[in-house]
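Heads up, there are several structures right after this.
One chain, chain A, links the two complexes that follow: it is found with chain B in the first and with chain C in the second.
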Partner chain A sequence: MLVLTILALQLAVAFAAGENDSEQFSENLRLRPLQDGRLSSTFEFVTILRTRTTVESESAFHEQAQHYTLFPLALGQLLRRYAVSELHLTLNSGKWNYESWGDPDYPSVASGAEMWAWIAAGGGESVDQRWKGLTNGLSGLLCASMGSLDKKRTTSPSIAFRPEGDLPSGKSHQLLYATLPSENVCTENLTPFIKMLPCKAKSGIAMLLNPHRLFDADWHGMGVHVRWLAQEGIELRLTFGAVLNPVRLSLNAMSRDWSFRSVFDRTISRPCPIATSSSIYVKLPYADPYSLTPDISRTAPEGVAIYDLRDRLEELDVKMRWRDPVFHFRPIENKQPLSVRRLLLGGQTRADLSIQLMNKENVTRQVLWLETMPWFIYFYLHTLTATIDGNRMGKAPPHSLTRIASYAPPTDHKPTLLECIVTIPPLSTVQLTVAVEKASIAYTEHPPDASRGWDLPPAVIQPLDHHGPRRIYTSTLLGDLPTPDFSMPYNVIIMTCTLVALFFGSIFNILTRSFIWVEVEGDDDAQDLVKQKTE
Partner chain B sequence: MVCRAGSVAFLIWCIIPLATAIISSFGGASPHEAIESFFTNSSSEGRGHTNNWAVLVCASRYWFNYRHMANALGMYRSVKRLGIPDSNIILMLADDAACNPRNKFPATVYANPGRLLDLYGENIEVDYRGYEVTVENFIRVLTGRVEASVPRSKRLLSDERSNILVYMTGHGGNEFLKFQDNEEISAFDIADAFEQMYHEIFFMIDTCQANTLYSKLYSPNILATGSSDLGENSYSYENDDEIGVSVIDSYTHFVLEYLEGINKTSQATMQDFFDLYDPSIIKSTAGVRSDLFTTRSAAQTLITDFFGGVAQVEVLEEEAMAGLGVDEENRVHTEGVTILPDSSQPARSPSHSRDYRSSRKEGLCYFLATRSVHLDLVHLTPGLVVGSTLAPSLGCFCTTPAKATWSWFHPATATPFERCYDNHLKR
Partner chain C sequence: MSSILTGGRLGVLIFALRSALFFTPLPALLRDDAQLSSTLTSYTRLKEGVYLFRNGFDPYAGGVFRQVGLLVYHALMFIAQCSANYVVPVDGLAAWCLVQIWRIRSNTRNVAQEGLIVTVYLLHPYLLLPTLALSTSTLDNALLILGLYFAAYGKPSPALLILAILACMSPPFALLLPPIILLLMGSPVSSLARPISPQIDYRRMYRLTAEFLLYFSVLTLISSFVAGGWSWTYKTWGAVILLPDLTPNPGLWWYFFTEMFDDFRPFFLMVFSVHLLIYVAPISIKLRHDPLFASFILQGIISTFKSYPTLADPGLFTAMFAIFPEIVLHLRHPLPTVMLHVHAALLLPLFHYLWIVQGTGNANFFYASTLVFGLANAAAIVDALRAGLRIGFGEKPGHELIQR
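Right, the complex of A and B next:
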């Protein structure tokens, strides 16, 4: 055991050295009681790798070994190998309810898998090849079906998804964006997520990452965000968000009191020693009386209680109790300045896609409306119409309400991409409608559960006049597609085979068989011969 | 597995390049030859497998096929407990039962009514899931014909010394098994896919008319077993009222119950297991096909040869070790290093392994000469994963009061013990 102890000490020294040096790890947990009795929780684990460049050149990749102390090597290898300067990958489950939950801590709340990356071009490999390698690599790293994000699902928007960090100068970069709305999130994704954390789930706030509670949440999602900041270095942000429901967990008590023990079934018993900061932020409610235990380390000005884990040696179980033991549901106060609804109406082949944008502020807003649809959905853009508060505006393009910024039709099995800039007058609702056609696809292209329909990616609304990278996602749609009778090919094959067997068989038989006259009567030897032959 | 390798590899010391000086420092040809013959072992007693792989397939989609997910996950838990690490398990689940909205108990899959044992747990790696579970992908995995960018965790990186367990479950019929209720794999496809990349295969299938699925196999050294005869159904075992569906199939339940009594050092054989087949318990006529399994009999084959990842550690002859500068009195059983395949229970290296230790004033070195080192993951302290190797290796593990270092040498670059000191202690 001495050997192990020595090695552990050695590692501890290495970590301590790494802390001040080129790598830094910090973690925080944000908790926010919501007006509908739920509790929003966002785990954030940030690793900063101080480095001057984000992408190594091809030769450097082969010559120089990669060595990290805190940064996950498996991810670092992928980023370097495929020259990725910025990466955002989220795996979410459920629909983020903007009306009652407000803005999410991280804007990427699309249902299913969403991934976008800024990849450097040049150097012997095409960006598409790199994207393919990256998606496959990430699918192995995170145990998800990212490998299916092929060219059938990948687009390059021209306005949306600008880099959130810096891009190294001197190299041209390309944005690739893809979604997989039917992807689910489960323990097999959380397992590798935890393995990327320097303290795993053994200490620090990651101790609360209990899959049985997180995947029971009304909304949950994990994210991997990598960006490069010219001043800081490469920043890896691993996030896990969950909208927990203390009222449901309290069973019949109908109480919205919560504690780490009650919502995560865990407590934090020791801090992560290598984290430079490890904090828990609890947003304090301003209307209802409550009590928060244990005592708060400090309070931030905007009504946030802060617990610092680093100077805490005893077990931490944050508890919030409300004065009213029973939670009474109240009408939801919708404070969102902008709300979005999207509908797909119509039949299996022709349908109308309509999106409703409600501006509740007394200012004119400009937003970007991004639609990415599978290759079999055609937009008839000439049918794009806009109404304001129900009054028809006539054909849209000539008017000032909409401007199509980019459009990529679905050719060669590539997805449809529509980027449209929409102006929303103050205190009004703009409804945009466009006719779409759902093409019949080859029967082998249908998913195994074809009759369920296709999950269509969410639309993304990005306010253009808003500071910061804020986005609103609509819910996914279920597109009903004309499905063939899948047993038909078998019927055809069986029928064809039967006909061939009958006709070809009998004709072949007649043509090739030689008929011989056999004398039977009166000749015993011949009769014996026939007998022998027939036997 | 790529899923995990990255966070640990920073501790793996680079393989020391081959130098001609190494060979000369042996002080004669015989130790080197001993090492050579050790790795290219052709003696009959040592001609075993050196690594274990498991391909576990649940080919059924939809919630009502919960039991098929539970079948595959039950096997997953058992082989993991018996020592096959996640990196050597290809788990294919055609649907998500654990986080299915219909699952009243999120992130869990149970195989027994009363929900006593959660098969999903908190540490699971599913390699192919959902729509990725197709006949094409399954055959690609078995034959190794995958695209260049497919990560290691999704490949069957087996070799000619691999023992592979292939377990399949789903809905099937005479000579076919359905994938996702959409396409089929035939017994001929399975037979053709099994033609390469293995030392021995144990094929187990639980589906209706399962025994027909192995009827077309023709490649040598395959032992096969199925749950039911031609014309027979395989039935589910039990329902859980709160989950609302059947939770496991009868045959797989029987297998898992048996495996519960097996541990890594178990000497139970395949024949012992087959002898327990009883149609009145399994509710179908489970079959065995052993005519292709000719080099040894099922009675000579341990259960753990296929279900376990037991490292087969062989030690060099005394004289070879002497040539490497290791004295007899310095030979010890490994006590300090605990070999943990992944995160399962601690297991010492097998009792017949002898590892060598030698101390000098500079420090202490362990010298592990194992042909089949399956120290895929060496956990030295909880939560710290230290080393990873798949290739047969000579290992060197040296400690001084100030540092501890560890390296593996590929057979081609076999480094004698002296070299260990030079590389690890004098640096």
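Right, the complex of A and C next:
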């Protein structure tokens, strides 16, 4: 009887899902044991909204009501209101360690907040106004400081960040890109994130989204990715990535065995009924012996175990055990074909920014180096020098290794943008160095913790030969600026004005008062006489 | 004749010695010192502007390059051909002009005084160090002296053309137009002791002013043509008034506007700009009997209170005391002024280093030294002006001259 009821229920759910063809939801979790004993986990929740257009016209906005069953309405309203065709927003914490963790499942791993959007131009509003509305709207939606991504931080790169989906033809689109390296992701961002999921955290793999464990991870980040595919419709990907540390969680046991219970402190007790697919992928290690429980539903050819949640009625707690109960740290095997390192050396006003690009393959690579800096950091491009394996290649311009593709110098509180195409010879290290000036800024422009310095956005390296990862982010930098004394405004106004007034008074005294002779009798009482006469 | 040769030899010797300094590591060390070259005169920024210009970027698009388009054009030529050391002969020319100005002013050939002028101009640390830093303030100073030289020798067209170039490069110097026009119409000979106001030919004055405006507009047009638009005026001349760059310098503006409340910024920017304008008319009128002296005083005021001064600006003012030896005897408080200058000269670099390079000092220390420096310059100007007016009354036994 019970079986029959469940069957009926399942049929009803299937019917309900089938009824709504225009929206589709699927979810998956990718788990990947890393060579340093950590465990990379990426949650992905994909909603597809089948429509022929990305954004409705201004008039349709008022006429046509927005009805969604699965797609988050609050986000849909923002996208439509501000004519956004593609949106990528990530909030990450920590530095992604490419060398020991490999490429991330999603390339956007910049520390802090990063957002880029392709916004349609035309209509009543300018793209900048739309961006402002969008960032403020997302601020409210995700409880993050996206509102700080104003024109002081926003740039429009001309080569990097090409659309990942399609852009509707007939409308011109503009790319806007901004980062906020000092922003942190925390539980107040996760709660609204979970709210956007159709099953919330009540069923399906979202049950594992336990803030106590996710925000304890060595690296964690969430993302909202919206794109439009001409064949499919609008695709919303909500992602959450965390690099968990089972060795640390095992306390003194130093074991890298993990299970849902041990790393998330939760298990999956019921599938999300709405999801058309709901899978867990576990990348199987190839070197060390291990055991994986429960039994795998099926295995993909590239060594990935797949658990399908939809046909599973009992509680799921995936466990991986290694034969060696104690994890021994080994030297990291860096398999990355391209590594990047960036440094800022120098004093408070003058510094050298240098970036090191290491090509470990026997082919010539071409990459784009994107650098965005706050408005008070100036590049002196004429000082851009390149070395290959330490040998100086001479100064720009023109240069065989670098070509400046676009450059927007900082102006009136708009950031610096530099896009430079760099050619890296096979098996060599290219180091680019450019002198930068850190300008002094007014006391109101300093952050509250001024002496700590400014978090400077990461550089982005984008291979142009479609080989390897889509983007590599460097770590953020801390730039210290000369700070004024914040308690001085009144004193400075008073003292400088005193000097000016003193000078003005003296000059006009001399110029306007006429000279007269006074008789002086003797030296002793000369002063008295002078006094008498002047009175 | 032989003594003149000795004076010339002395000049050449000093000139050779200081030129040798360009081959030491000193210029590279001093190049980016904000006390020696401001945003408007920095050599590094000039090079960056030229680089951007050559590579097809608009040099005026950002806030890095704030020098006049005209200069870009010349810098292109200069840097391409004779590297950075083009400033070396510029100072020599300026010193020679200064000696010529002294000769026509005093109507004598006093070798000792000429030697003093050359020595002071070529070895004044406030003039030598910016030259070593390749700051274009050196060029500004040389152009000003050249303009004064032509004006003193009664050559209106070259004098006004050079003043127009100078006004393009460093707009505050345009305020020297009234005394220079008076100088063109009057005589450079020292008449501080006989203050008889000359008759002013107003039609000629208007004609000369129109000539200056003509040169100025032509140069502006050329600059716009070279820069390909008008945006450069906002970036260069606008910067003089709006102070977008708050880099610490020896002047009085930077800390004032670093610490200024945002709502009051436009008001005080207006006050500080108008403050410079105030002095032009009174000083030109009061000292119309000796316009060369009037330009000396005005130059001092501009160099102390302009928005982006470097040490070269007060340096020129103090060096020019050498061509007005008559006022030195009538100075009221030369010793305190010199002591203030010594105080500032020691503290400015020290506190700048401690705050900016070492990161241990505090902004207030450097600010305090700029105040002392401002006070020293103000005291020197006030004293010089008073002495210049005092000379006209001579001496009267048993009497003392006071101001009512």
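We take it that the second predicted complex is superposed on the first by the 467 of 535 C-alpha atoms of A that agree within 3 Å, B and C clash if a C-alpha of one lies under 4 Å from a C-alpha of the other, contacts with A are read in each partner's own complex, and residues count from 1 in each chain.
Here, a contact is a pair of C-beta atoms (placed from the backbone, for glycine too) under 8 Å apart; a residue touches a chain by one contact, two chains touch by 3 or more.
Every value quoted in this text rests on a predicted model; they were computed, and no experiment measured them.
*Asks:* Under the stated touch criterion, which partner chain does A:P325 make contact with: chain B (first), chain C (second), both, or neither?
*Replies:* Neither partner.
*Asks:* Regarding the shared-chain residue A:P337, is it in contact with chain B (first), chain C (second), both, or neither?
*Replies:* In the superposed model, A:P337 contacts neither chain B nor chain C.
*Asks:* A:E188 in the overlay: touching chain B, chain C, both, or neither? Say first, second, both or neither.
*Replies:* In the superposition, A:E188 contacts chain B only.
*Asks:* Which of the two partners, first being chain B and second being chain C, lies in contact with A:P294: first, second, both, or neither?
*Replies:* After superposing on A, A:P294 lies clear of both chain B and chain C.
*Asks:* Does chain B (first) or chain C (second) touch A:G122, or do both, or does neither?
*Replies:* Touch partners of A:G122: none, neither chain B nor chain C.
*Asks:* Thinking of the overlay built on chain A, is A:G303 touched by chain B (first), by chain C (second), by both, or by neither?
*Replies:* Neither chain B nor chain C is touched by A:G303.
*Asks:* Going by the contact rule set out at the top, does A:P426 touch chain B (first), chain C (second), both, or neither?
*Replies:* Neither chain B nor chain C is touched by A:P426.
*Asks:* Spell out the part of chain C that touches chain A in their complex, as residue ranges.
*Replies:* 32, 34, 44, 47-48, 50-52, 54-55, 57, 61-64, 244-248, 252, 254-262, 272, 275, 278-279, 282-283, 286, 301, 304-305, 355-357, 359, 362-364, 367, 371, 374-375, 378, 381-382, 385-386, 389-390, 393, 396, 398-404
*Asks:* What part of chain A is in contact with chain C in the complex they form?
*Replies:* 347-350, 375, 378-382, 397, 404, 407-412, 416, 435, 437, 439-444, 480, 482-485, 488-489, 492-493, 495-496, 499-500, 502-504, 506-511, 513-521, 526, 530, 533-534
*Asks:* Given the complex with chain A, which residues does chain B contribute to the contact?
*Replies:* It is residues 1-11, 14, 61-62, 96, 98-99, 105-108, 120-127, 129-132, 147, 149-154, 179-183, 336-337, 364, 366, 380-384, 386, 397, 399, 401-404 of chain B that touch chain A.
*Asks:* Residues of chain A touching chain B in their complex?
*Replies:* Against chain B, the touching part of chain A is residues 1-4, 6-8, 10-11, 65, 67-69, 72-77, 93, 132-133, 136-137, 139-145, 147-148, 182-188, 190-192, 195-196, 199-200, 202, 210-212, 214-216, 447-449, 486.
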